[in-house]
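One chain, chain A, links the two complexes that follow: it is found with chain B in the first and with chain C in the second.
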Partner chain A sequence: MTTNLLLYARSRALPVTVGVLIAAAPATAWFADWLVSGSGLGPRARQPLVVLAPLLVSAAIGASLYTHSEELDRTAVRPWWPRRACQLLLLTAVAAGLLAMAVPGESQVYGAYAMARNVLGSVGVTALAAALIGARLSWLPMLVHTGAVYFTARAEPGGPGAVWAWSVQPGPQRAAWWTAAALFAAGTCLYALRGARPEGPGSRR
Partner chain B sequence: MNSAASVRKLTVRHRRTTALDAVDLAFGTGVHGLLGPNGAGKTSLIRVLATVAPPTSGRVELLGGDVSAPAHRTAVRRRLGYLPQEFGYYPGFTVREFVAYVAWLKEMPRAAASAAVEGAVARVGLTDRIDAKIRTLSGGMVRRVGIAQAIVNDPDLLLLDEPTAGLDPEQRVDFRALLRELGRDATVIVSTHLVEDVAAACTEVTLIGAGRVAYRGTPHALAALGEEAGAEDFGDNPIERGYAVALRRHRSGAAPTTSGWSVTR
Partner chain C sequence: MSRTTTHPLRAELRRGVGLPAGAATLAALLFAMYDRADGWLTGWTDTTDMLRSAGVIVGAPLAAAAACWQGGRERRRGTEELLATVSRARLRRTLLAAAPTVLWPVVGYLLTAAVCLAATWQYASDVGGPYASMLAADATAIGSLAALGFLVGRLVPWRLAPPLVALAVFSVDPYIANQDSPIAWLSPGKEHVYAWDRPVWWFGPVSMVWMAGLAAAALLAYATRRRARALALAPLAAAATAAVLIVQTGEGVWRPDPASAALVCDDGAPRVCASRTHGRMLPDASAALAGLSAKLRAIPNAPTRIVESRGDGHRARRTDATLFGWDYYFRRNRIVEPEMFAANAALDATAPPCPGVSDKERYNDLSEAVAEWLAPMPRPEPPIGQDAPGYTRALAKLKAMPDAERTRWLGGYFAAVRSCHPERVTAL
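The block that comes next holds the complex of A and B.
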């Protein structure tokens, strides 16, 4: 069983992905430290990090949703959805846990709460994108959203903007949490049920 | 009729084009060649039989049951071997790992799997490369890896979509011998463009043209059809001539030419 799980993990590039997630945590912690001590804004200075680190890890997770042997995988005896759901949930848990630990203290102000929320939301958007446009470009919609929000929306806490600009809200904003959670639920369900959109050899329909 | 695979009124549509149009076919133990021009519907038929694509309409029975029932489909997949026209593989996999991955997809018992992997790789003559990364192999070798993964579970129903593409003449001779051996106990369906493969290895030929069955019979009967119709203007051997005659008749609207609709046992 372990050998088979290892084969499955390698076929989805999971060792590399987990490596990226693990490496992202100390890097984030270091940047957070640097931003807080260098800017004089206090914990608020962590905002760009709370937006960008989840974007990066969700891109790595999105890449691991790619399937090389799509056509053969369809002949699998077992249904795929439990494996897909497990893979996505585990990677998200690792990413959210590690990144939340990388921004300790002042959890209400761009700290652990906002980080965990943004990991959920980003992974949700990325998983939706993998199911709809394919895993290879699954990072793109989240990048576009982040760019749009970051340069247009003001990070005023609350209000209707908290739904659209969920990723730049401070930790406890309820509307932002709802949006991120809904995106994560939708992304996980759609990806688990449908898998990444076929884009490898023999993917014509 | 005791057949391992049968379809009734099978229709497959891709958006607006009809790949298969109300096809009735049955395949029993033996090696069945699937011939036809590009786009005739061979791959669509194989994909439906491999349970990777659902039919638009019609009934598909494999290994004694309707595959629209999930429980039976699951049982069929354990006993099915499939070589797609193009199969992807994780670039880091060795031959052994890739074939083991497919054995795992088919839920082979772990104790039996590693010996089965080595056995399948030996049958395609790649034992000396079993621990080489697939991406370092030549095109013909990759094709043989594809055949190895298709036979790793000793399938009762084996579907091969252009298995000989990329094989050199010597490898093709070996492959045909393997086909004949597999066809003794299993139902093997081979889609190909190479009529020599059909002549040498198949017990029955099904010719598909524009989504319908254009001809069914033995390779010998197909060759005879070419001879009697006097199609000297086409092809270098009797089967190629028979292929041309059957297709022409099919295109001109004649009913399917058949000789022996019964399933070859």
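The block that comes next holds the complex of A and C.
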């Protein structure tokens, strides 16, 4: 059983993925400290980090959803959805926990709340993309969304903007949380049930 | 029998990730510009500035990431060795492969610019025009960053390379743009403040040389044979020269345009004057200042004009009241905060900047009281139990005065403060 799990982890590049998640946490903490101490904006200075760090970890998680043996996987007797769901949930929990700890204090202003929410939403979008366009390009939709809303960066929290610009909300705005949670639920369900979209026999990396 | 052949460039442009990347760039840029339309639908300079920022923050990371993905195409397909056997030079093959993800995002940016400039047409004043060279420089920057992203994709066989390239572009450019030194002007997205400025004629072309030179040097260093690699030094030297020119000029790359900064005034008394670039704001500004003007009109020694301040150290006349940052009070040339606009104009009228004023507290209280009487500032009620601000006592006395006595006192007040001798103001 342990051997099976190890093989599964290796086939999904999970050691590298977990390494990226672990490395992202101290890097985020260092940048958060640098931004807060250097800008004079206080905790609001963490906004770029709270938007961009989840983008990075969701890209890493999305890359791990790729399978090199899609046709072989389909011949398996056991259902795949529990493994896929566990993989996504565990990686998301690790990423959200580590990154939330990397932005301590003032949790309502681009702190732990916003970081955890953005990890959930970003992973949800990435998992949806993996199921629909393939794991290797799964980072693309979240990148497009981040670029657009990061530029508009709604200064006033709440309102209708909290739905589509959920990733730039400061923290406890309910609409942003609902949107991120819905994206995560949809992404997890779709990926667990369908897996990543096959990307052809010529795909190597 | 006829045989049609398709140029490889045409095939590259029509297939692969380039076209979707261009479409995504176009969609994201249009969305971002639409969402912030109130911030730029005023004049050519504002539109140019916003397009430059959007191009770098929204377009460039996407283009660089897509190009990085494209750079790893041959590796993913396992066709590297096969392509190495064809007769075409490596540089030509590299340029062909990079073309779709370099060109399509640039087209997306230029289409966005065309849409935004067309929308600006109905709001912009009759002076100046679109700064095409700056937009061309930005398009060049997006293409150059995409080319650099492509090379990263060629060299780094890692699935996370494209999003990391995007994050690097997201982070590095704003970091450079926010520096407190002339280096900031090397960033293609560096914003500037004044709506009546225009770039010096060479800024756009030199910026293009700066970014395109870097990309060309990297491409030549990667794709030419060892002996020909020295060729990469030529574009690198051009880029370095352009960078030195930009950094040495610093903020001087944008300079006030006398035609745009010239004042246009209404016929009122006191006259309300806006820079020509904000000339379309004048009717609403005059209406918002009507109440203030009516009060000032009756007071001797009061300002004779209320003018838009250039805010760049340019001194107005001593008899002018100035007001900076009209853009904050207007959206698409219509005023949205008339009370605040009038109140801030009144504050400048009653407290012109004077160095070394003695008894500053008394002066501040008096000037605030007079400004509040002229044009009340909308502000929240002070919390219960908190002392009333210092100016309220003076304001109450001012309101209680008979009209003739108040006019006389205000005449003396304006004579004193506008000659920078507030100590000569008589007690209320």
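The definition used in the following text is that the second predicted complex is superposed on the first by the 199 of 205 C-alpha atoms of A that agree within 3 Å, B and C clash if a C-alpha of one lies under 4 Å from a C-alpha of the other, contacts with A are read in each partner's own complex, and residues count from 1 in each chain.
Note that in this section contacts are C-beta pairs under 8 Å (C-beta built on N, C-alpha and C of every residue); 3 or more make two chains touch, one makes a residue touch a chain.
For clarity, every value in this text was computed on a predicted model and none was experimentally measured.
*Asks:* Where does A:166 make contact in the superposed view: on chain B (first), on chain C (second), on both, or on neither?
*Replies:* neither
*Asks:* Report for A:191: first if it touches chain B alone, second if chain C alone, otherwise both or neither.
*Replies:* Neither partner.
*Asks:* Touch check for A:110: first (chain B), second (chain C), both, or neither?
*Replies:* Neither partner.
*Asks:* Between chain B (first) and chain C (second), which, if any, makes contact with A:177: first, second, both or neither?
*Replies:* neither
*Asks:* In the superposed arrangement, which partner chain does A:56 touch: chain B (first), chain C (second), both, or neither?
*Replies:* Touch partner of A:56: chain C, not chain B.
*Asks:* In the overlay, answer first, second, both or neither for which of chain B and chain C A:140 touches.
*Replies:* Once the two structures are laid over each other on A, A:140 reaches chain C alone.
*Asks:* Is there a shared patch on chain A that both chain B and chain C touch, and which residues make it up?
*Replies:* Comparing the two interfaces on chain A, one with chain B and one with chain C, the shared residues are 202, 205.
*Asks:* Okay, in this complex, where on chain A does chain C touch?
*Replies:* 20, 48, 52, 55-56, 59-60, 63, 66, 136-137, 139-140, 143-144, 147-148, 150-152, 202-205
*Asks:* Within the complex, which stretch of chain C touches chain A?
*Replies:* Those in contact with chain A are residues 17, 24, 27-28, 31-32, 35-36, 53-54, 57-59, 61-62, 65-66, 69, 72, 75-78, 157, 159-160, 162-164, 166-167, 170-171, 174.
*Asks:* Could you list, by residue number, the parts of chain B that touch chain A in their complex?
*Replies:* Listed in rising order, the residues of chain B that touch chain A are 14, 50-53, 74, 77-78, 80, 82, 84-93, 97, 100-102, 104-107, 110, 149.
*Asks:* Hey, which residues of chain A end up touching chain B in the complex?
*Replies:* Touch list, chain A to chain B: 1, 3-4, 7-8, 10-11, 13, 67-78, 200-202, 205.
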